[in-house]
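You will see two complexes here that share chain A, one where it goes with chain B and one where it goes with chain C.
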Partner chain A sequence: MMDLQKQYQELLEKYLENLDEKNLYFAQQFSRKFIEQEIAPEDVVSLHKDAVMNIFPELRNEVATTHDFLIEMMIHYGLALREHQSLIKKREELHMEMEVAANVQEKLMNATRPNVDGLDIGYVSEAAKAMSGDYIYFAEHGRKNLSVAVADVIGKGIPAALCMSMIKFGMDSIDENESVPSEVLKIINRIVEKSVDNSMFISMYYGMYNVENQHFTYASAGHEPALFYCAKTKSFEQLDAKGLLLGVKREVEYEECQVHLHSGDFVAIMTDGVTEIRTEDGFLDSAIIEQLLFEVRDQSAQQMADYLFKQLAQLQNFRLHDDFTVAIMKKR
Partner chain B sequence: MDLHVQQKEVRDVYQFKVVGEVDAFTAPKLKEQLHSIAHLKGVRAEIDVSEVEYMDSTGLGVFVGFYKTLQEQDGHVKVTGLNRRLYRLFEITGLDAIIDVEEAKDDE
Partner chain C sequence: MNERSSVEIYTEWDVVAARQLGRDEAKSIGFGTVDQARITTAISELARNIYLYAGTGKIEIRRLHDGVKKGMMIISSDNGPGIPDVRKVMEDGFTTSGGLGAGMPGVQRLVDEFKIETEVGVGTTITAIKWLR
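Our next item is the complex of A and B:
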C-alpha cells in the first residue's frame, strides 16, 4: 500500500506539472492495478487525500476533512463492489456446473441414427441455451420397425432438461415391440402425469415405420403436426392426430393415423422452435418450411435437415430463440 | 413487451383481462395473479385474452397449471377471445378438449 501511495503521488505530481494526456493514460493503467489488487474505492480516495495533502502542505485542514467525508460516502460503493465480485465468482461456479450438466445431458440424450432398410434418416437438434428441452429418440425393433419420437418440454434450460431425462428413462423401459404409437403415448403420459409439477408439460410426436408394408403410423400428444411430402403429387400434407399434451390428465386416448410411404416421399417431424419462428417482422409463415424442404427434396435426409436449420437460423440472425429439432424420414 | 392483468369479480365469476404478450418473461406475473384465487374451492374463472397477441409454450403452461389446480378444487376455467394463432395453439395441444375455450368473434 505504501508503495502504491508513493507511485500514485508521483503520477499526480507529474500530471500537475504539465497536464499531459500521457499521464492520464498512465493513471488509467494504474487504476487497473488497483482493481487487480482489490483495493476498495474508499481506499483510493484515501490515497488521493494523502497525496494531495503531501503535495500541498499549505492546504487548509478542511480540505482533508472533505476527503474524509468522501471516504465515508465511498464505503458503500466498496461494499457493493465486493458483493459484485463475489457474485461474479458465484456465477462462474454456476456456469461450470451448467457445463457439466449440459455434457451429461448430451451423453444421456445422444441419439444415434438408425439404419433401416429403404429409409433415409436425418435430423438436427440444437439447443437455444446450454441445455435443451427438445428430445429426439430413435429405436429399432429388429429389422422390421423403426420408432421415432420428437418431444418438447415446456420451458427451457435446466428444469426442461431434467424433465427430458425422466422421459428418456420412461421410453427406455417400454417394450416397443408390442406397442403401437397411441399405446406408447398413453404409457408415457401416465409417467409424466405422476411426476411433473402442475405447469410443466410435454408435447410429443411418436411415429413408427414398418419396413415390410412401408406404413408410417403416428400419434401426437399435443405436438406440432408433422409434414408429409408426397413425391407423386409434389404436395405437402400435415400429419395431424388428436391428443392431449403429456402430463395434463391421467387417462388420455390418443388418435392413431397411418400414411403409406412411396419412393421419394418423406415425413418431417419438428418442434415449435422450427414452426414458430419469430423475426423482427413477426412470425414466419409456416409455408416457408414446405418451400425450403421442397427446394432440397432430392438431397439426402440429413442434407435436408441441415439445410432447413441453416436457412431458418439465418432468418433469425443466427440467434435461436427456442430449441430447434427436426427429424426427416425419407423413403428411398 | 409488458403484460398487464386486470382482475374483477362479477356475480361469483373471477374475470381476468390479460393485455400484452405471455412469454417466459411475463408468464410468472400472470401465474402469480391467477394463483391468487387458486386456493379457493369451486371457483369459476374467466380469462379474456383478446388483447394477447402472442403466447409461447411457457405462457400456455400457466394456463395448464391454472386449469389443473382449479380442477382439483372442482373449479372451472374458461378462456375467451382467442385469436386464430392462440386458438390453433390450444387445438394442437389438445387443450381445447379439456379447457373451455372461445375464439374471438371479430377475428380476421
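Our next item is the complex of A and C:
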C-alpha cells in the first residue's frame, strides 16, 4: 500500500504540473492495477486524501475531513464490488458444474447407430443449452428388427435433462422383442405418470422396422408427426398416430400405424426444435424441412441429418432456441 | 476507558449511538480512517438488523489484547425471531437484491472474524472481530 501511495502521489503531481491527457491516461491504466490487486474504492479515496494533503500541506484540515466523509460513502460501493466479484466466481463454478453434468448426460444417453440389414440410419441430436431435454434411442434385435425412439421434454435445460434420464431407464427396463410400439408407449407412460411432476410433459415417437417384411410400425405420444418420403412418387407424407402426451394420465391407448418402405424411401423423426424453426422474422414454414431433405435425398442418412441441421442452424444464425433432434431411416 | 461498553437498541437513533461508540473505540485503539469507517459500517448494519427484525437488542463493544495483537470485538445480540435459514442469509445476492443493505456477507467482509449463532424463536447473537494491523 505504501508503494501504491507513492506512485499515486507522483502521478497526481505530474498531472497537476501539466494538466495533460497523457497523465489522465496513465491514471486510467493505474486504476486497472488497483482493481487487479483488489484495492477497495474506500482505500482509493484514502490514498487520494493522503496525496492531496501531502502535496498541499497548507490546506485546511476541513479538506481532509471532506475526504473522510467520502470514505464513509464508499464503504458500500466496496462491498457491492466484492459481492459482484464473488458472484462472478460462483457463476464460473456453476458453469463448470454444468459442463460436468452435460458430460455425464452424454455418456448416459450415448446413442449408437445400429446396423440393420437394408436400412441406412443417421441422426443428429444437439442441445440448445448445456443439457438436452431431447432423447434419442436405437436398439437392434439381431439385425432383424430396429427400434427407434425420439422423445422431447416440454421445456429445456436441467429440469428437462433430469426427466430425460428417467425415460432412458424406463426404456432400458423394457424387453422390446416382446413389445409392439403402442405397448412400449403404454409402459413408458405409466412410468412417467408415476414419477414425474404434473407440470412436466413429454412427447415421444416410437417406431419399429421389420427387416423381413420391410414394415415400419409406429406410435406417437403427442409427438411431432414423422415425415415419410416416397421415392416412387417423390412426395412427402406425415406419419401421425393418435395418442396423449406421456404422464398426463395413467391409462392411455396409443394408435399404431404402419407404412411399407421401398428402396429410396425414408422416414425422418424429429423434435419440435427441428420443426419450429424460429428466425428474426418469426417461425418458418415447416415445408422447408421437406425441401431441404429432398435436396439431399440421394445422400446417406447421416449426411442428410447433418445437412438438415446445418441448414436450419444457419437460418437461425446458429442460435438454437430449442433442443434439436432428428433421426433418419432410409431404405437402401 | 472501559474494556466493555454497550448500547441498547430500541429506536433508529440508537443505531447512530452504536456507531458513535464503535467509532470512538476504534479511533482510540488506533484504527485508521478507512478501518474506522468499515467497523462503523459493520456496527451500523448489525444494529439496523436488530432494529428492523428483532425490535430490540444490544450492541456490545469489547477491546481485545492477544499478545501483541490489538483489536476489537462487536457483539450483536437480540431475543428476536431468529434466522430460520442461516445459509441463505449468508449467501451473496440474497439480501442486497431485496434492498436490505450490505447484509450478513457484507458485514463478514468488513471484519476479520465472524460468527453467527441463531435459534428460531430464541434470538440471534453475532460476533465480529477486527484486528489492528
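We adopt the following convention: the second predicted complex is superposed on the first by the 332 of 332 C-alpha atoms of A that agree within 3 Å, B and C clash if a C-alpha of one lies under 4 Å from a C-alpha of the other, contacts with A are read in each partner's own complex, and residues count from 1 in each chain.
The criterion applied here is as follows: contacts are C-beta pairs under 8 Å (C-beta built on N, C-alpha and C of every residue); 3 or more make two chains touch, one makes a residue touch a chain.
Model, not experiment: these values are computed from the prediction.
On the superposed chain A, the two partners chain B and chain C both fit, without a clash.
Of the two partner chains, chain B is the only one touched by A:G222; chain C is not. Residue contacts after overlaying the shared chain place A:E256 against neither chain B nor chain C. Touch criterion met: A:R82 reaches chain C, while chain B stays clear of it.
Within the superposed three-chain model, A:D120 lies out of touch with both chain B and chain C [touch as defined at top].
Contacts of A:D265 after superposition on the shared chain: neither chain B nor chain C is touched. In the superposition on chain A, A:L245 makes contact with chain B only, not with chain C.
Residue by residue along chain A, chain B and chain C are tallied for touches, and B comes out ahead. By the touch criterion defined above, A:D134 lies against neither chain B nor chain C after alignment on the C-alpha atoms of chain A. Think of it this way: put the two complexes on top of each other by chain A, and the tightest Cα contact between chain B and chain C is 19 Å. Listing the residues of chain A that touch chain C in their complex gives 42-43, 46, 49, 68, 71-72, 75-76, 79-80, 82-83, 86-87, 90.
Within the complex formed with chain B, the chain A residues making contact are 152, 154-156, 197-201, 203, 221-225, 242-245, 248-249, 252, 272, 276, 278, 283, 322. For chain C in complex with chain A, the residues that touch the partner chain are 32-34, 37-38, 40-41, 92-93, 96, 101-102, 105-106, 109-110.
Those residues of chain B that touch chain A in the complex are listed here as 24, 31, 54, 56-58, 60-62, 64-65, 67-69, 85, 92-95, 97-98.
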